[in-house]
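Next up, some structures in structure tokens.
In the two complexes below, chain A is the common chain; its partner is chain B in one and chain C in the other.
And then the complex of A and B:
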């Protein structure tokens, strides 16, 4: 092995191409609309927000450099920790439950069923609906006064619950609705993964006498671990960025900035950032929250990439 | 070689145009016809937009030297865009500001101090609500465009059904509560005074209040308390008067006479409790009449009740014309001409009154049939004008949204029995002072 490596290294390197010769230039030109967009609206704004996070910036007046002030304040702000915990709590419930459910649905809808397309469509329908619509549907179930959930509970003599007001219920209820809304999307990704598994593997296992459960655990799960990894990463990022749902479903007061549930029970980092930046004109502080959120997500994603060596198999 | 040069030229040109598009374009202030162009912004919905355009057209006819260019959008969008425009230096020369935002714009240096103009050119005896834009130093920051005053709205049908007499101008908050008890009904139709009343199955509430301008703020004031001191930089929450007022509210919540935050949530919108006929009374402002008339409620208004010592308070939101600090002198003068036209011309005032969105700022129009007409509900519109005598702002300042959040969030917890009155007072006093210090002690 070592020999081979040495030989490879000894080989003369391929002539390095100048990046701006004929083809490169064409390439650059063709991607330039995207590049300009990327530089101006992604890289530019990111650096701007990084700068704002070190400044006192009320949007109306130019930012004033204040060094680490915003970050110091942030790490002493009890609301930040509350929002961070709410976000983590949401993620801990959301990611495993949604990943598992999506896989379950994908396996079920990967069979040769009558009306298969209809079933797949039904599960995908909430994905393309707007959060405002979903919130109305969710309200029909979880409304304290006229909702279906309390009507069912009443049949069993259980007192009505105030699902979205109660501090203990609000996040689990939000998670249930969020999963319902988006599980179809992950199901599609899993379906694509499942269809990539060769049927020969299952046939061989059947001949060896494996039952359905064994086939699922020994073939399906390992064979789609790459897809599962992708789904877990996407779900984690999504749950950290969840804003619209919480804004729409736990808003309520007409006075500015009043969102985030009773006692901030559903205040997540994105909502805290929005409130500080756009309701309270503290764009510097909001930018600091954004960068902390980015760093947290980066670390989590890197950890997931590290861990994937232990359980993800690519053929 | 040629091809290569051509390509790089195209590339560079492409990049340049992209940069140009992101840059801002400056606007000349004099049009080709020699008119001065005034850039005016306002938030609107379709009916108010149509009416504003008509008034602007009339103004331009009588002021041929000025050409008005407008910018308008629904409320949220308008202010979001305005904020970024102020930052970029491209905001309108004059805009209609929500009454709760005037001091915020002033204290952040976005609008012009117009004390000189207001004192010299606007007659206080003719215009409603000028003093609501005056700060603690006596400076004027805006001129009212339309006035909102709070009053007690009541559902006549529910009062009739319960055999309770309508609210009067003599009511105290305790009178209101006594009536509310008779108007709060459970699923079996028992009222809250009945020993058999079931607190867990309230189907109709006596009285609804929420938020700040439609809620607790007014009750604190009538009890002789309040939230901020006159400088708007210090919390005065911790006072015996406030404690009494908060106890009055908490007691009503415990007795289930008033819907608590969970009940309000169950109605999807705070306004829906009264609008759907599930509450006999509610505090609201004049603008609410549009929705109530739309819901065909049989309702009327009375002045907000007196406190225990006879003190009265009605909340005011004076939506106002404010002038951009960066506008040049020429534009400032044009903007002032527009404001003078708006506040003094019968033409503009009568037209705007027809939208039914606000109380007219010109006193003679407000006191005329044009506003006090009996053709639309509520019958007793004069209540709004009478209430101006004891009306005040809702302690708006640069951090209004932020302190209101502390104030109302903590109230929600109190009303949901998370803690008691004493703890509410201490926690809120501390929380609001922190918000104020963060901004004013920098």
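And then the complex of A and C:
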């Protein structure tokens, strides 16, 4: 963002010229597609959504203003708290583990290794796959009947687990698969960051007798903290809105009501919104969920921005 | 940095190889699963290697399910989205990068802002809009917004346009080109790498998309690949090992794009870290 502000300032300020009007008109003409997008599909829809969240709306009849009803109902709904906890639980497991693993991978790949390109490609394979494909890959490992996780456990005399249909296992397994799918993507972002660290720092540390471990914690981690911050923000936002994976992996079919795992063990806020909106056609209630989710995300992001001053290193 | 510590290089190799195996073996297992007979697929404890190897699973799933129709729909959505994004976002980005007009910087800040705002609150009203336009159960809602500019794409293309020296613009202006012609004839051809990155990312996103097709598509004839396969999953109409083959078929186009354009995937990922 800082870079951008600089760029914006660096651009020449408008000078009075004869053809300024013409250029201004061209400019507005060329950006007009996005203006339509923004006014109708961002501003318009946001206000509509806010209005719906204070209404009773089943699509067939026009929305009826009901004040805070939806929000009151939501805060008394035990499923809401279940979904909120599941979302938070998923995020707490997902974000730190994925960030750390992505950084480790990037550090390992940031050397002149033979076959680097192949390694990178293999890590990108799950990134480019749809969740439908990944659902079958996850089946191959975590399906309670045909998966290899249980077959391996059996070799060690451990009883088979029912993974995705087990209330206790479902979220940890989802997190493992989610990390596996996209750790390669975050690794690329870290790799770009690592290339910005001057090698002199490492050389100086070597002269002082630092080992690789010390160098990782004393140089790499603080120097890359700007990128780490970004990765944490992006992943938190993603995690709170995770829908596709949970829908695909703990539903089994496109029938909307059937997702969310055994006893709603994997019901997250996005699924709750989807269920209320697109299975029960309670668009008002679903909009209220969307706004609460949005506000939670906003607060968390703002807190993260506040906290960054304590740990993000800028030079 | 590592020259004096070959040990760290060995550790690096070890780590990367183990990690690569963790990435690849599940895929390999899935490929093996797709080649099994139904009996072997369902057997417990599972066997790793298919025996006999049933290549015919791949042709069978194509014939049994409406696979050609799913594929066609996916292609339509992906192609129209890619073309739409490339045209509209680059045009908008050109104006932001190269033209002076009222509120330009404010508007661009808004573009950046909308990139940060998650789309959750707009899902339902967008659904209502498309419903009122009579576009439910059609492919249109899946690609039409791509023709009105996407924030990330605008951001990416603007960066590319900013890096082009002013001389090109001046020369074209002297030749009597208007801004639209300058954009089309001079700037667009010079930004092919960024366009390729954008094309690859849009294709990937649209090819794999699940939420929007689930919301907007009702009848099976309109289903795209990911949700077409999903709709058959767990319904016991089609054998599971055939669906595994089907899912892997759906991966092929994106895999081909990836193999030929890997560097654009990497570039795009880096850029998504820049914002």
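Just so we're on the same page, the second predicted complex is superposed on the first by the 280 of 315 C-alpha atoms of A that agree within 3 Å, B and C clash if a C-alpha of one lies under 4 Å from a C-alpha of the other, contacts with A are read in each partner's own complex, and residues count from 1 in each chain.
Here is the rule we use: contacts are C-beta pairs under 8 Å (C-beta built on N, C-alpha and C of every residue); 3 or more make two chains touch, one makes a residue touch a chain.
Small disclaimer: the values here were computed from a predicted structure and weren't measured.
In the superposition on chain A, A:89 makes contact with neither chain B nor chain C.
Of the two partner chains, both chain B and chain C are touched by A:28. Touch criterion met: A:280 reaches chain B, while chain C stays clear of it.
The partner that reaches more residues of chain A, of the two candidates chain B and chain C, is C.
With both structures placed on the common chain, the touch criterion links A:36 to chain B and to chain C.
Judged by the document's definition of touching, chain A residues 25-26, 28-29, 33, 36, 40, 59, 139, 145-146, 252-254, 256, 278 lie at the interface with chain B and also at the interface with chain C. The residues of chain A lying in touch with chain B in their complex are 22, 25-26, 28-29, 32-33, 36, 40, 56, 58-61, 139, 143-146, 159, 162, 164-166, 252-258, 262-264, 275, 278-281. Contact residues of chain B toward chain A in the complex are 4, 7-8, 10-11, 14-15, 18, 22, 80, 83-84, 86-87, 104-105, 108-110, 200, 210-213, 261-271, 399-402, 404-405, 408-409, 412-413, 416, 418, 442.
Within the complex formed with chain C, the chain A residues making contact are 1, 3-4, 7-8, 14, 20, 23-31, 33-38, 40-42, 44-46, 48-50, 52, 59, 104-105, 108-109, 111, 113, 117-133, 135-141, 145-148, 150-151, 154, 180, 184-185, 188-189, 192-193, 199, 202-203, 206, 211-212, 215, 227, 230-231, 234, 237, 240-241, 243-244, 247-248, 252-254, 256, 270, 273, 277-278, 283, 286-287, 290-291, 293-294, 297. Note for the complex: chain C touches chain A at residues 1-2, 4-5, 7-9, 11-13, 15-16, 19-20, 22-24, 26-27, 29-30, 33, 41-46, 48, 88, 91-92, 94-96, 99-102, 104-105, 107-108, 110-112, 114, 117-118, 120-129, 131, 145, 147-149, 154, 162, 178-180, 183, 204, 207-211, 214-215, 225-227, 229-231, 233-235, 243-244, 247-248, 250-251, 254-255, 258, 262, 265-266, 269-270, 272-275.
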